[in-house]
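Across the two complexes that follow, chain A remains constant while its partner is chain B and subsequently chain C.
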Partner chain A sequence: MQTFPLPPKPLFRLPSDGKPARASSLLFSSLINCFRLIMATRLQFENSCEVGVFSKLTNAYCLVAIGGSENFYSAFESELADVIPVVKTSISGTRIIGRLCAGNKNGLLVPHNTTDQELQHLRNSLPDQVVVQRIEEKLSALGNCIACNDHVALTHADLDKETEEIIADVLGVEVFRQTIAGNILVGSYCAFSNRGGLVHPHTSIQELDELSTLLQVPLVAGTINRGSEVIAAGMTVNDWTAFCGSDTTATELSVIESVFKLREAQPTAIVNEMRSSLIDSYV
Partner chain B sequence: MPRKPTGHSSRLLPVRPLTFSPFARSVARVATAYMVKHHACDAMQHSAGDEFKKLKKVERQSESSEDEEFDGVVQADFAFFDPKPDDFHGVKTLLQSYLDNKEWDLSGFVDLILGQTTVGTVVKLEDDEENGVFSIITALNLERYKDHKCITELKEFLLSICLEKDKIGNLRSLLGDKAHDVGLLVSQRVVNLPPELLPHLYDALFDEIAWATEDEPTEELRNSFRFKFYIVVSKIYKHKNASQKRSSSTDEDDAFIYVKPEEEILHKMSMWSFLFPLQTQQVAAHELKNYQLNGTVMAVKAEDISSFRQQLHTLINES
Partner chain C sequence: MRLEKCWFCSSTVYPGHGIQFVRNDAKIFRFCRSKCHKNFKMKRNPRKVKWTKAYRRLHGKDMTQDATFEFERKRNRPERYDRNLAENTLKAIKKIDKIRSDRASDHIKNRLKTGKVQRQKEARKQLEQGIHLVKAPLALAQDSSLHLPKIKVNVSQAQTEENQAMEE
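== the complex of A and B ==
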């Protein structure tokens, strides 16, 4: 059983056990990571551009479907391997794991038809602080019904009251029942992280403002995969990186990089922040 | 230049979406313009291609199903359109399993098809807001597009799955030195598309090819549509015991079952054809439990096409 530490934040202190070599290698590796993680990645699962259907990315872990070729898994591995665990899994024997489960760094909710072996595999592979919970909810496509980051969740209007409480409890979020551009499947039509969000292209300005206030992040209405409205099916995102379907145009990709602030991982900014934190630790 | 929205405001987007980029603005414009086009279709002038398609539509209204009972029968008016860039997602969905489960430049292939507006037809509903594509048919000259990644990958795939040594030489020559005379016939549709459309669909395609040989602006393009051969890549069901000869009960069990009816005719008149095993798992219906779905590649001579068209008319009108 492998335990992973929490991902390194851009600001970090020298380790207190005073191992200078390790500190500098951490600094160096995170600088390298900053260079690498600036861009969102385009990829495909077999011939499908619906990346968000076959994967689930959070700040603490990444779930990937078991697919025909290894390319999909390796794309995630190469970006994330030394930062968070990348776990191959199925949910209730299917590959559409991104649409069946919902989670953030605090927990993962899986539907009632998840098998015991899958549940055990997830509990074994994910970090200890991530609570994996199977919930009895008749709407079993939790990924389509729940959209969340580490602080707020938007849910389908018809979700059970107990489910809402479990979401608030396990994921540690504030729960709001919402629709997006008239669509009740909030989990499908928006994708948001702690830094920004992308919603259905037909969302009105008033609704954008309302959602932005609820979520406390900047939001933009846009498309993915060359005009597809099903945002969350076409991409998956966390605070520092995003994966989009390969049909995503350069314009869509630049919007994603700007609204999710993926480009703001400027190396010089990171170094300056780190330098100031290093100096702090001496004081 | 897209037409400005007319007064059919109930059918249009209630609020023009707030768009942040030229791409999204063009998507929003096309969404409104498309709906307007079909409201205004009676009065406005069309390009020559669309006019032809209007005639086809009038004929077909008599063929569309007329039952309005709630027993699962739906009335639908199908119309033929020139391929357009917004058909991208619909056509891509139809062609998902074109080359079995090989990962290839499918998006590029769809772009090629949609870029060739002179030859090629997309079947959609007459007044469909969702722009659903029901069928695509086109013919692509292998030489004209030989530099595109999708065509090179397709050729590699076909050469790699051909396990019959006597056919591979023919295939190699059609894909190689004879490529300028070869058209890749791509025809894909939803499973329950009414078969009455098929003769018209194929007539439309072959008529457009004939017109293209006269109407295209350059000599090179005109020649590129003078096909001598067509290659068809598709899937058919083969009886699992097909190796047994006539001794088995051939009255009940045909050797092959064709998903698309026109392929029976094409298969019989083909110069050569071969089967290849598919890697994707197939769910077998109960009636087809003795059959295995195989991929197939057939080559047909262009001079046999007029006979094919007649046979297709007969086949559909009989059944």
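== the complex of A and C ==
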């Protein structure tokens, strides 16, 4: 796993609308001063904690909605600007881009009502390896229907056969039709990257094991944004960063950081101690 | 902004015109004007309504298969913007449009060509049978030519009075 050169940043910022707040407490302050920790960031989009609705984060690019203030965009830019392109866009004139599109480092799928201009803007802003494809599909909220990382995708049970083939072709993934805790909207109730995944809190242990073997990543059932079950709407994650709503509690945040393996390996001993004090049980 | 096709008559719907109907199965129907919308609500099949493009294509009145139709397909995988490509595309659009409309009018012309022979045959028959309506049999006997000469009507009182008498 390559280490990404991160510019030095001010480490303490008061949490307010749209501005990121470090999940660190006084206990971590010394650690942060010594090591460059990649941690999950808490932010808001225009007073809403549903960050996963207004953004889409993958290993190759990041899509951000056009908001009233630039705070949301600059939060992503400060973390990711030198690594991957951060693209401001709308999809079919809306801001809920995270729930309408689905993608990974290989491609991006957008619904049929995406305008030609938006499609062209995406094509121009994203790197050439990313294939941008518009899909003619009755279920147009692709972000709610498809959950994917770079290797595997889970889809809504009622997706068309052609759409499934397009997903396999454009995203370069193996496609599985699954439900999560009885919900067919797999894209909204789980968020997973190449390193780990977080699913709906009411997922049974058998189902967790089943999904884990399908996806080949460790999974944890948990919540986001102070107990919200809609995981993917509350957060967005890739292999090295995560962005959550500002309502996310410290417990939830540490669960996220551990399951997605966002902490760097170096301060393991100290972090392990911290982990055991912060998390009492995994659901 | 996108110029869509009317579902009923296949004409282009420009911005600010028409109605869009979304059915419960998420299929979108766009109509260019209330005429098409009302016909749709009456559950009429556009393939049976004579003035629609669907009917005309189905019954061979208009050109169906042509290479120029391929250019106007909706594309779902865009290409990166290239200024030269855009310029050439704009030039090509004009040319392709002209070619397509020329081919379409040729198609209609060819379709109507076969009718010309038939019409001439009918006209000749009518000439043979109905010439007594135009020229008196006596006058025709004197002038044996079957073809009607081009009659130049001199506007003199005598001539018009004669014609009027004959019409009665």
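The rule is short, and it goes like this: the second predicted complex is superposed on the first by the 226 of 283 C-alpha atoms of A that agree within 3 Å, B and C clash if a C-alpha of one lies under 4 Å from a C-alpha of the other, contacts with A are read in each partner's own complex, and residues count from 1 in each chain.
Heads up, the rule we're going with is that contacts are C-beta pairs under 8 Å (C-beta built on N, C-alpha and C of every residue); 3 or more make two chains touch, one makes a residue touch a chain.
All values derive from a computational prediction rather than experimental measurement.
When both complexes are overlaid on chain A, the residue A:L119 reaches chain C alone and has no touch with chain B. When the two complexes are overlaid on their common chain A, residue A:V131 makes contact with chain C while staying clear of chain B. For chain A, the partner with contacts to more residues, out of chain B and chain C, is B. In the superposition on chain A, contact of A:L80 is made with neither chain B nor chain C.
Of the two partner chains, chain B is the only one that A:Q44 touches; chain C does not reach it. The contact sets of chain A with chain B and with chain C never meet.
Against chain A, the residues of chain B that register as touching in their complex are 13, 15, 17-24, 27-28, 86, 88-89, 96, 101-104, 106-107. Listing the residues of chain A that touch chain C in their complex gives 115-116, 119-120, 122-124, 128, 131-136, 138, 140.
The touching residues of chain C, when paired with chain A in their complex, are 1-2, 25-26, 76-81. Residues 44, 46-49, 68-69, 71, 201-205, 208, 220-223, 226-228, 246-247, 249, 251-252, 255 of chain A are the ones that touch chain B when the two sit in their complex.
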